[in-house]
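Next, two complexes with chain A in common: one pairs it with chain B, the other with chain C.
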Partner chain A sequence: MNASRVRRLSSRIPVVFLPAAFFLAINIALNPRILSLRGINNLALQTVSLGLVVMAQTLVVIVREMDMSVGAVVSMTTVLVASTMGSLHFLSIPLALLVAGLFGALSGAIVAYAKIPGIVVTLATSMIIGGLALVIMPQAGGTIDDALSDFVNGQPFLVPNCFLLLLAVLLVWRYVKGTRLGTAIYATGGNPFSAYASGLPVAGAKIAAYTGSALLAAVAGLVICGKTMTGDATIGDPYTLSSIAGTVLGGASFTGGVGTMAGAVAGALIIGILVHVLFFLGLSSHYQYIAEGLILLAAVTIGVLAERRGKK
Partner chain B sequence: MKAGKLSLRGESLRYLVPYLLFVICWFVVATAVRGYGTLDHFLYIVQFAGFLGIVSAGQTLVIVAGGIDLSVGALITLSAVVTTQTMYANHLAFPAAALCGLLASLAFGVLSGVGVGSIKIPPLIMTLVSATIAKGAALLMTDGSPHEMRAQGFQDWVVKPGAFGINGILQTWIAVSVLVVFLMGSTSFGKKLQFLGSSPKATVYAGYNPKTLTVSVYAISALLSGATGILLIGFTGNSYLGMGDTYQLSTLAAVVMGGTSILGGSGSYAGTIAGALLLTLITSVLTLFSVSGGAQVAIEGAIILLLMIAYASATRVRD
Partner chain C sequence: MSPALLETLGLEKSYGATRAAQDVSLAFQAGRVHALVGENGAGKSTVIKMITGLVRPSGGRILWRGEPVSLHAPRAARSLGIVAVQQEMTLVDTLSVARNIWLGHEPLSAIGTVDRRRLALDSERLIASMGLSLDPERLVEGLSIAEKQMVEILKALSLEPSLLVLDEATSTLGDREVELLHAIVRKLQAEGRAIAFVSHRMKEVFRFCDDCSVMKDGRVVFQDEIAQLDERRVIEKMIGRDMSQGFPAKQAIPDAAEDLLRVDHLSTRSGLRDVSFRLRPGEILGIGGLQGHGQVELLECLFGLGSATKGTIEVEGRRLSLRRSSDALRAGIVLVPEDRKTQGLFIDRTVEENLIACSFGDCAPFGFISRRKAGALVARIVERMKVKAPDIKEPVRRLSGGNQQKVALGRWLPSGFKVLLLREPTRGIDVGTKFEIYGLLRELAATGVGIIISTSEIIELVGLSDRVLVMLEKGISAELAPGAISERTILAASFGHSLGESHER
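Moving on, here comes the complex of A and B:
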């Protein structure tokens, strides 16, 4: 059982990176400038925020739930930071992380203790979070310290700073995965009953997953803040859908227990590069919705069919 | 047998609660706010609740069948945009254009149904896919700038009091209500939906085809969304992108308020009707006190969350 899961995991990762490499090759062929330092930094900026929300979604999908509030948390973070940075300066960053973490913990606690499906709980909390973000800032605006945008856009050691951010998240996850909590997270998604019977904290795993998801979404919000220099209560909306698409592309399974953060990054990379390719092919931005819908449809269809074949 | 009867009474009580809440809210509002509480005002609320009520009928059917439809908002917009665009660009007469709008919406409903029923894609993701593609299609059709509609006869029917002194919205809602309540309560289709929602496997063993059931339930939901889109352009006179968006989460709120289990398997449209009325009343009061759009959404979300927790704990106590 365990050995087969390990094999399944290891066989999934390369499959995910293959299309990523393929699309990257197309992209480089279309636009060689992407290989310049500046080009890499641009791609990094676009992919890192996406990568963070995909990781956020993947974390929740591993415990066999879903998080529909990812986009709302991104918006809320940009709004909180942009509206408080003028007076609080860098204290507004921990403030935004704290607020996001509390909302995540609330969603997780309701899912774990009231035993309501996470999809509908987070749909409701996304209404609350997104609505409050609109109350705080009805129109996009506010101020962002230059230092934040300098950090997010910076590239002092050749590697873009935001890539380092992603790397830091991956390292933290690597550590968490080895702890009892990490085991509980995977076991809860794989089979909640046996996880519970083994004395693992099933409720704790769900709360931790939702809290972690909200924190990751908040970090994505910070990166977006640094990029756009404003707070915007609707900027996160499209990220919920992209996070789901990236999660599926990254090889996580909606039946739970399966998924890696490296896969999540690859999934985000595919979407990021695909959007780039569409842009360079000269398709109007009006096609973006259709393209994203089709990518998601293709990704889930392949995922579901592969899983069915694996079962047989 | 006795236990069955008891739980049945519990069930119907659950659908009575939203009506009771509506009556209480009604009296509170009627005594607190001048101009509220008259018969005219009641009729206004009921007629305005029609839009939400009609879309929520589809959402109720889908949720009872164990799914969830996140495409209703996008399909309202799509059918409205297709109707006005085909009238404007292809010079179709209103009935033909409206038919195009309905068919466009239906196509996406069938797509969702096939994805959920045959490929077994989780309903949430599949309807999100349909919603995204439908949104893109509407955007492409309008090229970002939608048009007005001129169909005086239809617009008059929608807005002005007609038979029995009620307008077209309410006439349609009453017709939909009668049909859906009959469909869910007195036909084998309604029974099959409940089977499908509580255990898809049992549906197969009982000899029903879960695929056709799934496709038809998403198709019905899409048709009802499409009809709402067309009623909305009759009401406002034009279509615009995102016009259906506010209805997406409100339908879930109405269904949950109406006592339908979000887990599927049990529910009634009678409850959803009360949910739609209650939600419309609350929204109208919030608008009156000029509570901003964001705060309204947040309050609606909080209401859904609290009701879900209340219902979930009530169900657990009964178990």
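Moving on, here comes the complex of A and C:
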């Protein structure tokens, strides 16, 4: 087709996949076994939960807000599932999702109707949710049914179930993005007044974004349960900051209206592979934060410089 | 007679103790263009916001085809066919032209997703039917202000409104776009739709409209058919006084006067080509031309915001190298930008803080602001510029457009600048204050300052400038000497025609 079409297509592929490929290459050079299905499965397992929380954050960032409660929701989910699975069996999963969804909707409603910045509201709700999780389960423990672990780690088809889970989320998002709700989400982030004056449900878009974010964080919590086989009221803590880092790496903009879920996955992948590389270099996980911070700075700087050059 | 399409009866809106609108009774008839004019703050926007569901009235009724209706949200007004082109830009920068046009009423497919094919087709059809050329897939981010305004209008038209509200829709358009809009309005009128036309620009009010309502202090003070009126009469009703005093007297600058600013064969990376002119002390030099022909680039370059590729700029005979705005400031060149809300002022800070922002050094001898010195400085500027503010501790946002502009201008006073650059100095300012600002500029010039004004209002060029440069395709197409400045010569030069009386380059 014409040139502008090509340009539009190429701009859709997040630039961030390039560093992801770069780190993957280092990783493969250090440890060729990663190319085995088992290796890929391992990497996937480690990246999927991060991918889900980055998507959660990206969704909220698109409506020009922030969600500081993703980590707390992850923790709360593991705690709820681990403490109720013994009696409720698999009903504990919908229960955990419902609780997360309610918290998300509540945060969203406060943000939308009281018009308080989301970063403040979710900072408060994250403390409440995190505190509740600690009250329910002061020490890590509880029981997780083997079936959940089998599902999360399983690979009945060619690719690991975890990948299928991500793929399913991407497909659902692809649909939602096409609907009027999706339009409202992007328009609200791009220009809230315009969205309102055009008759779009601005409040609805924010509530939907926060609810979706909490649900995605809860799914991440389920994946983590399947890996660790316990509930832990603090396990989600580091995810909040990582989700923000991944969102930036994924190309979403904090000024709203810009961001893709594919980009979010790429952002998570960069962090995931980075952790892997550091591990194989024999560095302690503490270096992860330093590396994450450096990459974040580099990505943002390169992005800004590239944009400036593009405008000239 | 059949009932009006939309009628307001005793409509009222109060914000606390302030009555933004009271006892507003207006009737918009199908097939007629109804002008709503008035100074800034007269209540026009409030009325428009109530009609379009953005603001809830505190009293009164709205009738639609004779039936009372409640317009509690934009959606309610839209569903009746009341659509506004708002004064503020309401486009989403991050979405494409097509997505913006159909925002909120996209064509949907069977499974509830936006039908992109139809979206593209419908957009192309709509754009073409209005005689425009625009790529519907372009992001709004990259459009010019005039293009954005046209998208804004297309967006309203896509809803096939029965009552179209144009709130200052022409103020950002160039002449060509105004012609297009005029054709569109005529077409809608012929289809039996009603149009509410809110504008400052008398010329367009008289060209576009059939009826005219004048608002002042929140009330409708005058109503008549346009055919019975003339411009002077309407303006008198708006400002409540005679405007015969008009523009301040012009200054005769002796030809032999030394140059204050001299620009020779200037070309820039931003596209200016071979621009030469001079500015003498005490002179007001107007820059005209159609929108987008290099006026912005010229002022930006003089303020150090664009890099020159050729040519020279001299102030008082000293050659300047302007690479950043601080170079310009050091040479005594200051700029009052077009958008004072985002570029000229710290809009949420107080009058006092804004006024001392450009002269910290004078008020803060040891790095700390001296209350006494700052107070004296601010009092001096407020008096000189006749800034009307209830309190200098008030945020600038609360002031009227005219007073904001006075603050934007006044903050440069202590710097002792030599050359003052202004873009659209009276945009969004009511008629009465406009003349006050013209007077202030003339007073400034009388102190020996040189002033360059870039404006799209020809009347301003004619009334205020001692000399006029007309720009065309990023160069200068004509320099009009004092005797040769008229609406006709300026327009002719804007389109590249030559007239005997203009001095050609």
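The rule is simple: the second predicted complex is superposed on the first by the 285 of 312 C-alpha atoms of A that agree within 3 Å, B and C clash if a C-alpha of one lies under 4 Å from a C-alpha of the other, contacts with A are read in each partner's own complex, and residues count from 1 in each chain.
FYI, a contact is a pair of C-beta atoms (placed from the backbone, for glycine too) under 8 Å apart; a residue touches a chain by one contact, two chains touch by 3 or more.
Small disclaimer: the values here were computed from a predicted structure and weren't measured.
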Which superposed partner A:S92 touches (first chain B, second chain C, both, neither): neither
First, second, both or neither for A:G178, with chain B first and chain C second: second
Partner chain(s) touched by A:G190 [first = chain B, second = chain C, both, neither]: second
Touched partner set for A:S126, first chain B, second chain C, both or neither: first
Partner chain(s) touched by A:S83 [first = chain B, second = chain C, both, neither]: neither
First, second, both or neither for A:S75, with chain B first and chain C second: neither
Touched chain A residues, chain B compared with chain C: B
Touching residues (chain side chain A, partner chain C) in the complex: 4, 8, 175, 178-180, 182-183, 186-187, 189-191, 193-200, 256-258
Touching residues (chain side chain C, partner chain A) in the complex: 54, 73-75, 78, 84, 86, 88-95, 99, 103-106, 108, 111-114, 135, 137, 155
Sites on chain A touched by chain B in the complex: 66, 110, 114-117, 119-121, 123-135, 138, 233, 241, 244, 248, 254, 286-294, 296-297, 300-301, 304-305, 308
Residue ranges of chain B touching chain A (in the complex, touch as defined): 68, 115, 119-122, 124-126, 128-133, 135-137, 139-140, 143-144, 249, 252, 256, 262-263, 292-302, 304-305, 308-309, 312-313, 316
